[in-house]
Structure formats: C-alpha cells, structure tokens
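Scrolling down, you'll hit the structures one after another.
Across the two complexes that follow, chain A remains constant while its partner is chain B and subsequently chain C.
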Partner chain A sequence: MDTLVLLTLTGLGLGALYFLIASGLALIFGLMDVLNFAHGAFLTVSVYAAWRTAETVGGMPGLLLAAVVGTLTGLLLAAVVELVLVRRLYGRVKEQILVTVGLSLAVPALVQTVWGADARPFPVPDALSGTVGVLGARVPVNRFLLVAVALLVLAGIHLFLSRTRYGLIVRAGVEDRAMVTALGIDVTRAFTLVFALGGALAGLAGVLGGLYFGSLSPHQGTSLLVFAFVVVIIGGLVSITSVALSALTVGLVQQYANYYAGGYGDLAVVVLLAAVVLSRPAAGTGSPLTRLRRALTAPRTRSAGGTA
Partner chain B sequence: MTVPPILRVEALDVDIAGSRILTGVTFEVPASGVTALLGRNGVGKTTTIRAVLGLLPDGGRVTAGRVTFAGDDITHEPTHRTVRRGIGYAPEGRGVFAGLTVAENLALAERPGHEHRYDLVHDLFPELAARRDQRAGTLSGGQQQMVALARTLLNDNTLVVVDEPTKGLAPRVVTEAAEVLERAAERVPLLLVEQNLAVVRRLARSAVVLDAGRVVHTGDARDLLADTSRTTALLGVGSRTDHGAA
Partner chain C sequence: MTATRTPRATPAAPAPSVKDTPGANHGLLRRLRPATVPVAVLLVLALLPYSALDIPVLLDGPVNSPGSLQLFALCLVFGALALGYDLMFGRTGLLSFGHALYIAGGSYGTQLAMTELGLGLLPAALLTVVLGALAALVLGAVSLRTLALGSVGFAMVTLAFAQAGSIYVERNPGGLTGGEEGLPLYVDGVPDALVGVQNTANVYWLALAYLVLVAGVVWTVTARPAGRVWQAIRDNEQRVAVLGRSPFAHKLGAFVLASSLAVLGGVVHLLVTAGATPHTSTPEFTLTLLVMVVLGGSGTRWGPVVGGVLFTYLDQRLGGWDLGVEPMLILGSLFVLAVYLAPGGITALGRRRSA
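And then the complex of A and B:
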C-alpha cells in the first residue's frame, strides 16, 4: 500500500512536470502548426539560470528567486527565438523542423561547454527536501509542490483562454487562423505571446524538474521533451484539460511500470502511445482499421464542391 | 458615377501553386449598392476575393496588377491591415468558429476604434441575441450565416464582401438571407459572390462576370439577367434563372 501511494504521488509529480512542458507545446502547435523541438532547450537554459541564482542567493529565498529567473529566462528565450527565427518560417514545416531541431542540439551543447556534461546537484531548501507521511508512505514534499503548481498553471491557462481577448484569439486561431486575420486581428502577436508563454512554462518546469530530480544536466530538457511530445499526442490537442489528463496518465504509467515491470517505464509509455494512436478515430472518419475496410469495400466518391 | 469606386481591381494576375488562376482581372465596386461577382464554378470568383483580401492559400500570389481600396494601394498588404481599413468579410463556408459561442464569435469581430453596432446586429438577427451562449458549431447553416453576416455589420465598414451566402441553405432561409443582405446594402456597399440568380436579380445593381480567370462582362446586373441568351452564354444557367427563392 505504502509503495503504491509513493508511486502514485511520484507519478503525479512527474505528470505535473510533463504537463508544464506539454501545455506550451500543445498551444504552440495548436495555434501555429509549429512543432517546437527547441522547447527542451528553453527548459535547459532556464534550469541553468535558475541553478546559478539558487546557488548564489541560497535557501528558500534563493529558490523563489530561481523560479522567477527560470521562468523569465524561458519567456525571453522563447520570445527571441519566435521573433528572430520562427516568425520567418510560418507555413514552412521543413525549415521549422530544421531550425528547432538545430536549436535543440546546439543549445545543450553550448550549455555543456560552459558548465560541463556532468549532472550538477540542484540546491533544494531544507523545507522542501523532507518527506511527509501519507498512508504509511514517506513521500518527498516537492511532489506536492509540483502538483500544486501544475494545478495553478492549469487554472491560469484556463482563465487566460476563457476570459481574455488574447485567449479568445488563441482559441479561434487554433480553429481557423486565416479567418482570425480576416476579422482584422494581427494573429502574429498572438503567436509571439503563446510562444513566450510556452517558454515561460518550460522555464518553470525546468526549476521544478531541478527540485524533482535534485539535479540538472545539459540534456535534461531534451529527454523531458520526448515525453512531453508523447503527452501532447495522447492528449490529442482537444483542450488544455485533455493535455493535463494525458500528462497525468503518462506520469503514472511510467512510475508504475518502472516499479512493477522491472524498469520498463519508458517502454510502457511508448506502448500506451501506440495503443492510443492506433485506436483513435481520425477526425470523424473512424479508426484506421475502419477506414481501411471502407477503402477496400466502398467505391470512391469525389466531393462535389469545386472552389473557385 | 460621380463618386469614385470604393474598390478598384486592375489587371490582376494570380498564380496558385505555379498555375495561372486569374488573368488581367479588372473591375470596380461602386461606393454604394450591390456588385455581384458571377460565373460558373471554378472560374476564379473566390480567388478574386481572396486576392483582394490578401488571403490566397499557400503557394498563391498576386504576380501582377493592383488592388486599391478607397484610393489606397492594398495589393500586397497583410490581411488584418486591409480589413481594418473598413472591410467586412463573410467567406464561403461562413468561417464561423465552431467551438466558440455566438457572443464570442461576435466579440472577436469587434475592431478597436469602431463603434460596435450590436443594436443593428440584434435588430437584424434577434435570434443571435437569444442564442448568444450557444456554440456556433451547433447552429443550423442559416444561423451560422447570420453569425457570419453579423460579424461584417458589427463595425462601421465601408465595404462588405460576402462569398456565396445562400449556398446550401433551404429556400425559406435563402429568402431571409436575401432580406438581410438587402437591408445591409442600404448602409454599406456589398461585393457579393452568388450563384442564386434570383437573389442576384433582387439585390445587385452591377455585375461582373468571370470565365476561366478573366472578366468577360461588366455592366448593369438587371440588363444582364434580362438577356437570357447572354446569361446562358456567360453563366450557363439561363434555364435556371428563376430557380430558388429570393
């Protein structure tokens, strides 16, 4: 029982981390059709900036300041990358992938040349390094912090999307970007905003990841990004809540499988991904199997609507 | 006409994905009344409108010619800037945001610096006030068209561009839409793409006919529609002229 409790709360903490990274990815992809492979690089730079801050200041104030510095670093880095590079490449998928993958390789390499390839311990204040007894399990305090922050972020994104004009533009832009511009709205501003917001969340995730793992390394961002992509695909870009539920599921499956299936947590996540993708009906057309069957049996009908 | 036209399209060439879609398209939209853009399916009507608004699909571009709106060159201007000059646009397929409520669809169309004519919109479409919290995707086709038209009338535009507003609507709803367009045309000039010639006859003052990406006729709309042989030759629908309600 106590193992299960510990695994569950750890899985929730990990899920919280995935959610913070994946929510930015999902917003960016949903609005701009950009697969941002550089998202992990934002996280890496942010966590190093946060680490320097936490080391320099020390203690709980150091961590709080580190969280602010980390978030702002992610925000600024993402805004600059959007304004300088991604902005020129909207609608050019191959170039976008080359540029963001390039950044995802170059930035960690740069970090590695400055601070070395080895993992560094992330300073965790005493207040957050202890454990709490829950149903007989000793659960690290930071797990609760991660979950609480993720819930706050979920509520914040929800309020942003449902209550603000920019949120309205983002929701409409996810549906039909061209129509948003045809209403006289400069959608590129929403792009920069969403990219920067995603970067800020990645930066925050970096700081919380530092707490969760107790360490940081140049490739932390990239390895977390892989799972964040899995979360986005499983969540299906339906809503920010679906991303949250998906993150939770991936975090839990990974933890349970790591313990009960002899360390095969990563594999279990991939199996889950495959199962979800193969069973999902694609945009109202039924599962791949159904579509295949239909293609083999029904005669092809061409759509009648010619566009002039 | 003593008043200069609100929109002038001059010798416009448009390529999409390497093939020529429009060649030397030239016409004017007077500053009042309804101008109908006519032609068979696939002759370039929607492309013309999209070129005017800077909304060509990926791979599409204006290779020659000029579009001026109220005297200003808008040929290569970003869409949002063109629209902010005072153009309302209801696209083919209506372009409503299905996941957003009616009220949110309208709020999105509010342009800063304009007075928002909710009084007019709710007078023309009382149903939209009643359904303000309903998701636009759950509305009927006719109701969605009302949302699309309401968005163009919410700001004090100097031109409203409407692409196939009656397409796919039931005859009774076509009549309703035509009534709304008629009332809208009292306030603002309309550039209307329409296949339903009964609607065109009822609304349009001037007509521009496209064929295979070229303008083949411009002139008075009623004269054109009264001439059955020319209507048949240009639009291939002479026998269908009186089909459909309006």
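And then the complex of A and C:
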C-alpha cells in the first residue's frame, strides 16, 4: 500500500512537470502549427540561470528568486526567438520547425561549452528536501509542490483563455486562424504572447525539474521534451484540461511501469502512445473525400468539452 | 572533399563530344551522359586510397593514411545516410524524427546477432536488415496513422519510438547493449579484411559501396512511377488520393525503403567506427541527419550527399582545431543561418551562381 501511495504521488509530480512543458507546446502548436523543438532548449537555459541564482543567494529565498529568474529567462528567450527568428518564416511551417531544430542543437551545445557536459547538483532548500508520511509512505515534499504549482498554472491558463481578450483571440486562433485574421485581428501578436507564455512555463518547469531530479545537465530539457510531445499527442489538442489529464496519465503509467515492470516505464509510455494512436478513429487511411463526408455528417465532437 | 568539387568541373566536358559524334552514337551517348558525373565522382573516390597527397590544414595526414581514410569513410556513410533520409523528407515530404532507431538497430542488431547467435557478419547483417524492414513496416503503419493530427503527428510518434529505443539501449538490459559505453565490434565474426588499422582502405571501400548502393536505389526509385507518386504526395497529398492512388501505401513504402537502407547503414557504421555507440540511437542523431539534408539541399540528387559529407567533416574536424566551443554550437548556428540565407541548400547556391 505504502509503495502504491509513493508511486502515485511521484507519478503525479512527474505528470505535473510534463504538464508545465506540454501546455506551452500544445498552445504553440495549436495556434501556430509550430512543433517547437527549441522548447527543451528554453528549459535548459532557464534551469541553468535558476541554478546560478539559487547558488548565489542560497536557501529558501534563493529558490524563490531562482523560480522567478528561471521563468523570466524562459519568457524572454522565447519572446526573442519568436520575434527574431520564427516570425520571419510566417506561413512556412517546415522552415519554422527546422529553425527550432537548429536551436535545439546549438543551445545545449552553448550551455555545455560554458558549464561543461557533466550533471550538476541543484541546490534544494532543507524545507523541501525532506519527506512527509502519507498513509505509511515517506513521500518527498517537492512532489506536493510540483502538483500544487501545476494546479495553479492549470487554473491560470484556464482563466487566461476563458476570461481575457487575448485568451479569446488565442482560442479562436487555434480553432480557425484564417477567420480570426479575416476579422481584422492581429494574430501575430497572439503568436508572440503564446510563445513567450510557453517559454515562461518551460522555465518554471525547468526549476521544478531541478527540484524533482535534484540535478541539472545540458540535455535535460531535450529528454523531457520528448515526453512532453507524447503528452501532447495523447491529449490530442482538445483543451488545456485534456493536456493536463494526458500528462497525469503519462506520469502515472511511467512510475507504475518503472516499479512493476522492471524499470521499463519509458517503454510503457510509448506503448500507451501507440495504443492511443491506433484506437483513435480518424486515420490517414481514409481518403479525404470520406473524411470530409464524415466531418460534414457527424456532429463535431472536438469542441464538446473543449476550452482551448 | 573531392566529392564536392568534381561534379562542377566535369559536366561541361562531354557536351561537345555529343555534338561532334555521328548520328549512330548519338542516342547511346545521350543516354550515358547523365551517368558521367556520378561515374567520375565514383572513380575519384575509389582511387583515393592510392593518393599520398598531403593537405596541410584540412587533413592530419596524407590522404591515404588510416586516419584520413577513416574520416572519409565516415563522411561517405553519413552522405549515404542523409541521402536515404531524404527519401522520406525531401522526396515524400515525411518529417521523421525516428530514423536513428533503424541505424542503431542495424549496428546493435548485427553486433548482437554475431555475439549472441554466433552468426557470421553476412548472415547477421542479412537477418538484421530483414527484421529491421519488418519493424519499419509495423512502426511505420502505426506512425502514419497519426497523420490525422497533421504531418506533425507523424514526426512526434516516430520521435517517441526512437526515444524508446534510445532509452532501451542506454538502460543496458541484461548487459546486452553496453549502456553508455556501447559495444566494441566483435572482430571474431568479421572477415579479417575489414578489421584493423592496416585494412582501413577496405572499410573505406565498403563505405563507398554503401553510398553507391543508396544512391543507386534512391535515384532509380525516385525516377520510377512510385517516386513520382511520392513527389506528388509531397506537393499535394489530397490530389493524389482523389486521383485514386493510396497515399498511405506509398508513404509506408517510402518509410520502409528508407528505414531498410538505414538499417544497412547501421551495419556499415558499425564496421567503420569499429563499434556500436549509443549516440546513434538518440533523437539528436536524427536531427543531425535532417540538418545535413537541409544544409546540402533536400529533394535533390547531390544535396543530401554533399550536406552529409560536409557536416560530418566539420563535426569531426572542428573539435581538432581547438576553437574552445562545441562543434554542435557552430553547426547548429550555421544551420539556423542557412535556413534563412540558403533555403535550397548549398548545392542550390552553386547552381544559382553558375546560371
């Protein structure tokens, strides 16, 4: 029982981490069709900036400051990348992906040049390094912090999307970008906003990832990014809540399989992905005509529970 | 490096001879003309191990020293791998991030078939290629189903599969894959002519043979009806479907063919580097292939080869020049610049200038 509790809470923590990375990815992809490979690079740079801050200041204030610095670093980096690089390639999706691919190779190499290839310990304050007894299990405190932050972010994104004018533009843009443009709304500003928001979330995820893993390395962001992609596919870009549920599932499956299936949690996630992909009714096998007919006759299920 | 320079020098040569010859030879020569550039390049490349030329900064030793030949062999392997990858990316428009899975599969599969099953190199390689093609068929069918999510779904699913393979390799299950260390080539299973420093020339020729095979397959298939359908899928998939061709079957065909070539490339990579390295299984490895293809010029005859050779050469040499930075920082930045400044790749730049 205590193992199950520990696994569940750790899985929730991991899911929270995935959610923070995947929500930004899903928004960017949904709005701009850009598969942002540089997302992991944003995370990596942010966690190094946060690490420097936490080392310099030290203790709990250091961590809080590090969280702010990490988030801001991600935000600034993403905004600059969008304004300087991605924006020029507007409408050329493949080139946009290629540029982010180039960044995902160059930026970790830059970090490696400056701080070396070896993993470094992330300073965890005493208040967060202990464990708490839950139903007989000793659960690390930082798991609760991760879940709490993810819930706050989920609520925040939800409010942003449903209650603000820019949230409305983003939601409409995800649904039908051409229509929004036709109505005379400048979608490109929403692009920058979403990119920066995603970068900020990636930065925050980097700091929390530092707490979760207790270490940081130049390629940490890239390896987390792959699971964030998996979360995005399983979530299916329906809504931000579906991304959260999918992140939760992936985190839990990974933890359970790691323990009960001999350390093959990562493989279990990929099997889950394949199962979801195969069970989804829409497919590339049908011709566009049948797909069109199906879309016209069947009521739209996509927007049923959706917010994004 | 010779590979990049020769094609520009030769095309002009045979043109006048076609005009001069009497009508009888006309058709034959015209048919042979497209082959002159590849044949000339092939001849120069095949004769490289006999050249003792010393190029100061660009190479550490003479052309036929084992170190240089090893570098050339690696360049050729990557040129061929990039060309095979372009079968999906440039020719069919499929953005796969899982190509590394098949390359690593070829390396590790052959090595393990030799050590665990006691097979010789040839049967082991054959078994690996057959199994790899079957795996590509299954995984390709699963990956291509996600295209409902846009072509990006395919990219993400192939990435996830490759990541699973990469994690499996690094976990080192039962001591099979050697974890982060990789596996040194099992020399007892390999013919003596392909082992050891004194036989680097043979390994080089093997790499060249692989490049010739890949170029032959890719150039032939893309000129055939199937290749035309791939090109049509790249340009307008809906139209292909309306015209009654199955985009799914053709894309799967391209995927399986490219993956099988990659498995074979993994076998050659195993022999050239004398070992299976976990780096070949990482998604980053696929990204570098993508960078090579785009740098050289995707969807073109020579672009991917040139890109692969040039990228590998720089990647290997930049470290030796001691610039104080990671080679990938320079190459990645170069790539980002190239997307803006040379959208068609290096080969397109040359063409634009000469035209």
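To be clear about the criterion, the second predicted complex is superposed on the first by the 282 of 308 C-alpha atoms of A that agree within 3 Å, B and C clash if a C-alpha of one lies under 4 Å from a C-alpha of the other, contacts with A are read in each partner's own complex, and residues count from 1 in each chain.
In the analysis below, contacts are C-beta pairs under 8 Å (C-beta built on N, C-alpha and C of every residue); 3 or more make two chains touch, one makes a residue touch a chain.
Predicted model, so just to flag it, every value in this text is computed and none were measured.
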(Q) Contacts for A:182 in the overlay, against chain B (first) and chain C (second): which applies, first, second, both or neither? (A) first
Q. Should A:29 be classified as contacting the first partner (chain B), the second (chain C), both, or neither?
A. second
Q.
After superposing on the shared chain, does chain C or chain B touch more chain A residues?
A. C
Q.
According to the stated criteria, A:102 is in contact with first (chain B), second (chain C), both, or neither; which is it?
A. second
Q: Please work out whether A:131 is in contact with chain B alone, chain C alone, both, or neither, and reply first, second, both or neither.
A: neither
Q.
A:56 in the overlay: touching chain B, chain C, both, or neither? Say first, second, both or neither.
A. neither
Q) Which parts of chain A are touched by chain B and by chain C alike? A) none
Q: Note which residues of chain A are touching chain B in the complex, please.
A: 91, 165, 168-169, 171-172, 175-176, 178-187, 306-308
Q) For chain B, which residues are in contact with chain A within the complex? A) 39, 41-47, 53, 55, 58, 78-80, 83-84, 89, 91-92, 95, 97-100, 104, 107-109, 111, 151, 155
Q.
Quick check on the complex: what are the chain A residues that touch chain C?
A. 29, 33, 35, 37, 85, 88-89, 94-95, 97-99, 101-110, 112-113, 222-223, 226, 229-230, 232-233, 236-237, 263, 266-267, 269-270, 273-274, 277-278, 280, 282-285, 287-289
Q.
Under the definition above, what is the set of chain C residues touching chain A in their complex?
A. 95, 142-150, 152-153, 155-157, 159-161, 163-164, 167-168, 171, 238, 241-242, 247-248, 251, 283-284, 287-288, 290-291, 294, 324-329, 331-333, 335-336, 339-340, 343
